[in-house]
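So that we are looking at the same thing, I have put the structure below in structure tokens.
Naming follows writing order (A, B, C, D, E and F), and every chain is counted from residue 1.
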Amino acid sequence: MTRYGPMFGPDITFLGVERCDLDDVDSYAGADVVILGAPFDGGTSHRPGARFGPSAIRQACYLPHDGSRPSLALRVDALQDLQVLDAGDVETYAGDIEGSLRAIEEAVARISASGAVPFVLGGDHTIALPDATGVARHHGFGRISMVHFDAHADTGDVEFGHLHGHGQPMRRLIESGAIRGDRFLQIGLRGYWPGPEILDWMAGQSMRSYEMTEVVTRGLDTCLTEAYGIALDDCDGVYLSVDVDVCDPGHAPGTGTPEPGGLTARQLLDAVRRTCFELPVVGVEVVEVAPPYDHAEITAYLGNRVVLEALSAMARRRKDAAGGVRWDPSRPLLDGR
Amino acid sequence: MTRYGPMFGPDITFLGVERCDLDDVDSYAGADVVILGAPFDGGTSHRPGARFGPSAIRQACYLPHDGSRPSLALRVDALQDLQVLDAGDVETYAGDIEGSLRAIEEAVARISASGAVPFVLGGDHTIALPDATGVARHHGFGRISMVHFDAHADTGDVEFGHLHGHGQPMRRLIESGAIRGDRFLQIGLRGYWPGPEILDWMAGQSMRSYEMTEVVTRGLDTCLTEAYGIALDDCDGVYLSVDVDVCDPGHAPGTGTPEPGGLTARQLLDAVRRTCFELPVVGVEVVEVAPPYDHAEITAYLGNRVVLEALSAMARRRKDAAGGVRWDPSRPLLDGR
Amino acid sequence: MTRYGPMFGPDITFLGVERCDLDDVDSYAGADVVILGAPFDGGTSHRPGARFGPSAIRQACYLPHDGSRPSLALRVDALQDLQVLDAGDVETYAGDIEGSLRAIEEAVARISASGAVPFVLGGDHTIALPDATGVARHHGFGRISMVHFDAHADTGDVEFGHLHGHGQPMRRLIESGAIRGDRFLQIGLRGYWPGPEILDWMAGQSMRSYEMTEVVTRGLDTCLTEAYGIALDDCDGVYLSVDVDVCDPGHAPGTGTPEPGGLTARQLLDAVRRTCFELPVVGVEVVEVAPPYDHAEITAYLGNRVVLEALSAMARRRKDAAGGVRWDPSRPLLDGR
Amino acid sequence: MTRYGPMFGPDITFLGVERCDLDDVDSYAGADVVILGAPFDGGTSHRPGARFGPSAIRQACYLPHDGSRPSLALRVDALQDLQVLDAGDVETYAGDIEGSLRAIEEAVARISASGAVPFVLGGDHTIALPDATGVARHHGFGRISMVHFDAHADTGDVEFGHLHGHGQPMRRLIESGAIRGDRFLQIGLRGYWPGPEILDWMAGQSMRSYEMTEVVTRGLDTCLTEAYGIALDDCDGVYLSVDVDVCDPGHAPGTGTPEPGGLTARQLLDAVRRTCFELPVVGVEVVEVAPPYDHAEITAYLGNRVVLEALSAMARRRKDAAGGVRWDPSRPLLDGR
Amino acid sequence: MTRYGPMFGPDITFLGVERCDLDDVDSYAGADVVILGAPFDGGTSHRPGARFGPSAIRQACYLPHDGSRPSLALRVDALQDLQVLDAGDVETYAGDIEGSLRAIEEAVARISASGAVPFVLGGDHTIALPDATGVARHHGFGRISMVHFDAHADTGDVEFGHLHGHGQPMRRLIESGAIRGDRFLQIGLRGYWPGPEILDWMAGQSMRSYEMTEVVTRGLDTCLTEAYGIALDDCDGVYLSVDVDVCDPGHAPGTGTPEPGGLTARQLLDAVRRTCFELPVVGVEVVEVAPPYDHAEITAYLGNRVVLEALSAMARRRKDAAGGVRWDPSRPLLDGR
Amino acid sequence: MTRYGPMFGPDITFLGVERCDLDDVDSYAGADVVILGAPFDGGTSHRPGARFGPSAIRQACYLPHDGSRPSLALRVDALQDLQVLDAGDVETYAGDIEGSLRAIEEAVARISASGAVPFVLGGDHTIALPDATGVARHHGFGRISMVHFDAHADTGDVEFGHLHGHGQPMRRLIESGAIRGDRFLQIGLRGYWPGPEILDWMAGQSMRSYEMTEVVTRGLDTCLTEAYGIALDDCDGVYLSVDVDVCDPGHAPGTGTPEPGGLTARQLLDAVRRTCFELPVVGVEVVEVAPPYDHAEITAYLGNRVVLEALSAMARRRKDAAGGVRWDPSRPLLDGR
């Protein structure tokens, strides 16, 4: 499991942060966050291309790739205030879904075992299974809750004759016990999948899924506050899964299964910020950025900013916990926040 | 008027629903909804391409084309709960606007006469004239109101020396008496057309047009509620006309005459849902999807989802009318709604 | 400084308004507004192409180029009610930033000196320095305030070893005294630039910068009302600078340094309208429209509509000042507003 | 028939040449060539968009729009050496093919009557009928031959129930006697249309059609030389019709009915040059440039260069006829040719 | 193995030919050619998307989908003169390469067993293994030769730790004995893969590979004639494999691993024609059309025309064999050929 | 002059070759070739974007970035057989053409002084002046000839009021004496620039310019052979300048000033190969790759392959000189060449 990456472009790191090598424990000892690419799109049911997601998300920025990004909103520089390393990509192969999932789970587990937060760049959503399982292996099966932004529930059973694919990871995680069904918080669902049978199964697992109708009717912030309460109930940590298709296709065209009527980019960024600022996040993934369908890097930029927003909120959470002035979103930028 | 379609792509149906043939009355007897393509863009004043709209709207989905789409939001499967058939495209010719309009009106009239709701996929907005006229021939001139989502009033008089075109159908409908001017509800108007003379004519007809300024100031839901009240006043049914350019170009780039500052896709879907859930809709059209200007099928997907949203709301309206629990948008998805 | 324009396309005017020649004072004597293209993108730090902005903004409309645009929202025809002329482009050269800035400043100063409002179409944001300086030379250094819509503060000091570039004009304006730091109102900032050192400098200048977090938390209209109060305090006029990247990339993909999480097009249009309706605007610029990265002219159309919205609001402000019924945004379109 | 153009963009001229007005005979008296836009695409059987062809062809150049283009190859400056004027666009309407064709024919006829060569920018190929008819009205029915570069024979009879469309003009021209069937020289045909019945009709008319197989087997220059011999036999002039789809889609993607396996751009330019240098051309059209399907203006540039190549060759033909050194393509550029 | 297709679009057939069902032998008994989609791209090493190849190739045509395509060049209507059926797509899953290959091989074998020519639309080139194996199971291992147009030799051994992928099928075919190494004719190779070790293996198998340098130096037709001689030596039939990346990226941008410097579309069409006209072809595949990277359907059209060219040449071969006048490429189109 | 690069993307090297630092002479001592990025596009007269050329050219490949590229055609692995290093980008600023040119010239001169061949990735063609001057400073003014592939002569005098820009470097090089006018070999010129005055100046300098007409008439290889004779006459080395716009826009759409009618990609690759195989090349540049206008990386791939072709030919030239079998382009690939 040496550093990998050259198949889908040059071997770069997220905005220029330092490299580490998962085969060399010392190289990431003490890291706060380890970024990992999972360029796998063999589980996509429709438009492929998320294999280029890790490369695109790492690069999509007009600022220098210098390992520093001071957040205007949060007044921290996550890439500096936290020790953020990039372990490169896991070697995966679209044609071998099971082997790829094993490799990803092992890589994530190593990161979690080191005490760092694994931050996985997908790839299609199939990887949620190894990602969250790898985290759960360290934090305990059933001890982490899942905050899941997505247009789709991803709770399919067997698709194309297989147990694994980008529409099924959440079911597999519940079945294995890695994450309790009643600690699944899904935000942004909409559209025409799944059907009643699967919804019944989900209800039977006591999942809590906020379809867009409810989000619009009650307000996103209200829904999030309620969800956070559930997420913290008898769990030690939170896994955050962000499928970029939770946003409206106008804000995220570069994805495999776009569903009109989603969140704005602004809403997603604010929701990710709240999640990582208010909850003890122990793992994150950003998935389904599919560059072949992107335009002018809109979606890649959004993916990059979701990563930065999550990291910045984690950094601010730590800073506030260390005794600073608690962050106040209504204060003017130049008053110091 | 046999099934037609092969000129602008293969002969497919909307997401795989069954076919019918307008020349064979038995083939659509008892249908609830008959989908009809009107691939005409000879009336477009600027960017053409809406001729490929019917094909794009029918196909734009990442799910199997299996004639089933269970709505998460509304908990119905409109393509199953209603009998929805697809009659293919009306044969039209861009260079012959009058002949094309005659053919479309005749096809729509046949559908209405059968008792089914004609659901027309445009094509440019020129087709609103034959579409609504065809419906009015069955339901009675002056007996249906018009709920019209659009950036443009489409009340032009003579353009390019002709009475027909995509900027004029609403005037022609009022002039013919098919639809009363004071039962025209227009939502989403904005921009720099038409000028005072036409606006005066519109006022003289007692049309009710909600320009975006009013929509923003008073709120879309408030405006809709008010409009619905007018629509139901002394009318037997409602014709719903959705011009995809009512949405902001960021949400619907693939259209002929984009006007910045429109609705979001989420707003449009919710408004279409309310219209078809709260009102007795007897005809629908979705127009001005112009694939040559689309990116990653954003606009085609939106068109497809507008169709499904309308059909799902019709199905739910019928279900609730049949004595079920009335649909509650604030209930959680997994509580059954 | 004769009329120029043919390098980046044919010599056209904004939607067909009349031409003037800055070398011929009589040609624009008495004008209310003079449009000027500044096709300079030599100061762009990332994606270039804004040199084609003036041409794209002038053309992006589906209506005839006839020098007339009656605003539905405001019920004025700015291109007719005001005397709006187009002076063509200033000749600039990407490779010579200092010479280009001199030429732009001189052209703007001539327009201001004539009593007209210079309306500059960029080009990258570097041109804010000569634009606002040219205006200040007429209205007095320190006598105009700045309302600045942007994702970026543009207060960098030295970048690439140079004092001038699209990230620095606001600092240069404050340093020169052209505009007082405490009369800078910035709306829409977000992202990861600048860092603490520059933010401290900004705070030291008493700038007032509304980062998106504050905009979302307090509401855009609240922020604008507050900002307008500052802008009018001991100043004689307002310079309005609109960087199209203040909008979310989904609404404005065609720009050089896109930053996710911005305003919608609707919000920007409404904010520009309020600014020009409520404040005594003496100069305007619309910058950073970069056509090579646009899709289906989305961003060019937005730029065009920002220009029209600003002009229409100026015209309505004048009309209301002349004693008409004050414009009421909540009145129905057909009630005459 | 005043100058028209503003519907599909601003009123510009081909690379900045002088304007004329077809309603004002004096404005084009003595002209050698009059350029005319025919932005009609209502006859397109598949992908529309050629309405934007005249605008795109006029503009697609990286050099200043200054009415001068010295040809490296031919050592003439056609826009200066000839008097080339631009009459703007004929007003056409996609939805009214017959009215549009009448307007085009009348405009072309006026130009021909003045003694100038009409140079028509399409538009779809439907316009070949009015274009060539307008020329034949002056030069005599049956007195001009047709050199026709195209992937398609355009000899269809009735399509979509109509006599007119972009696949039928050549049949109509033969039927009317405007051009003799045995003076039709078609180069570049290929693909799967028309079928045997129409081919038999063509053979019956003694048309001479060089399908790509023959072009490849015998060589393009050999075929051209043979064709020129026929063209000059008992005819007084030649009408040159260039459908850009004669080129391979890789060289001309922006067109409505692309057919793989065509000429290279180089071959087309050389063939146009030979035609206009060696034959007495009395009318030219360049059609089927459809900007919505173009990329990076490849096809628009090709259209622009076809126009310049034709004009330059006409200028050189005249220059050599005036007694200069005959142009020698094998001489080095800097030896003066 | 029922008809499949709806996942990647609606269930259509190649240009409207009749359907058959591989589970129903009677449905294709007596067919000359059975078209089969293999929408598998799980073996792609770089840009995915070829899963949409079968749908794109089937549709890419501006003519009606009426199951008739009279070839101008060859004067046959292959879709009518031959019995051509379309069996739909094989169900494959990107994440399961081995299962997918089994399903494809089985489907192809059924077609071959029926006596028809299987014509497979890819999909990535991985499918050459099951395609050619399925054919060899009927015609005999070692009894068919391979004519292979490609930029790449596809003779890799283990890639990504797997034996199967789009760079390895030709090695697997030789290893299994399905096709003799010395009956492999590769045309169009170029670029920087594979390295010496694999080239040595290829030489050891006595493969005959025409790299572009040789093709340019000796001429394509000379190379083909030589290759055909080898292909016919002690073999009973020929399998034709066309990877669209054999063409230059300018002619075929929509592919996964583009390599500059390839054939023109014209050259490929002519070479495919010669192959199917001069040799006893018993199986064909067209692979690596990847629509996400295509522009204006250039590559999809090319794929469609490669299919038609192959079918037309087969039909003409049969016609000439039946005693007609042998086809003469240098005869004029209208002389009947 | 430390390594630079992060402004326009991450700091990568050409296909993964080793890095060097121009400030550390030891880091490139003994290198055969040093690659240098010159991301400057401030001299572009029309479409900018070549600043992203170095990044795009370095990355555009579907093979692993492993510093190895065995050429099929030439049977060498240039990145291994030669010592090829990548010095990163020179820091340039579009707005400061003179400072940028100084920085580039100094960097190139350092490389030349070390004995290595500088291989510069542009950027626009402005950089030919510092590139060739930097080389001439080492090899002697007047001692190197120039082989120049381009659509444009680039011999303009003053443009936009400046001596420097992408249309003028060749004139400046002749004026300074860096390269003798009569040792300038230009291949591929065409179009409508420059005019007679500049052509006369060129003739006066005894430049030898092969316009496309001559290339087509006499054949590219004949022209090259003649040009090589001149290049070697009383010169010690050759500088090779490749402007990607020498190719037809169909083969190279991603460039700033496209001119239809150029070489195919195949022709360019073969010509570059011959140049570097037959001549003693001491410097190379590949310029005018402008990614914003590219599609599916067609042009970036071409740029990458031009670099590899040049390097491979240099490696093969050295190998043959060392006493091997001389490379024979007509030998089969698998016979070892």
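FYI, a residue touches a chain if its C-beta (ideal position, glycine included) is under 8 Å from a C-beta of that chain, and two chains touch if they have at least 3 such contacts.
Here the structure is a predicted model, which is why all the values come from computation and not from measurement.
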item	value
Farthest chain (mean CA position) relative to subunit E	C
Copies subunit D and subunit F touch via same or different residues, half shared test	different
Chain whose average C-alpha position is farthest from subunit F's own	B
Chain centre separation (subunit E, subunit F; CA means) in Å	38
Whole-Å separation of chain centres (CA-atom averages), subunit B against subunit D	41
Separation of mean Cα positions, subunit F and subunit A [Å, integer]	43
Touching two or more other chains - residue numbers and ranges from subunit E	7, 45-47, 248, 250-251, 264, 293, 295
Overall pattern in which the protein chains touch one another (line/ring/star/complete/other)	other
Chains grouped in pairs wherever the two touch, ordered by label	A-B, A-C, A-E, A-F, B-C, B-D, B-E, C-D, C-F, D-E, D-F, E-F
Contact footprint of subunit D on subunit F as seen in their complex	45-47, 189-196, 199, 202-203, 207-214, 216-218, 248-251, 253-254, 256-262, 264, 293-295
Subunit E to subunit D touching residues, read off their complex	61-63, 68-73, 75, 77, 248, 250-252, 264-266, 269-270, 295-298, 301-302, 305, 308, 329-336
Footprint of subunit C on subunit D - complex, ascending	6-7, 9-13, 16, 58-59, 64-66
Touching residues on subunit C, where the partner in the complex is subunit F	7-8, 41-49, 51-52, 91, 93-97, 99-100, 126, 160-162, 164-165, 292-293
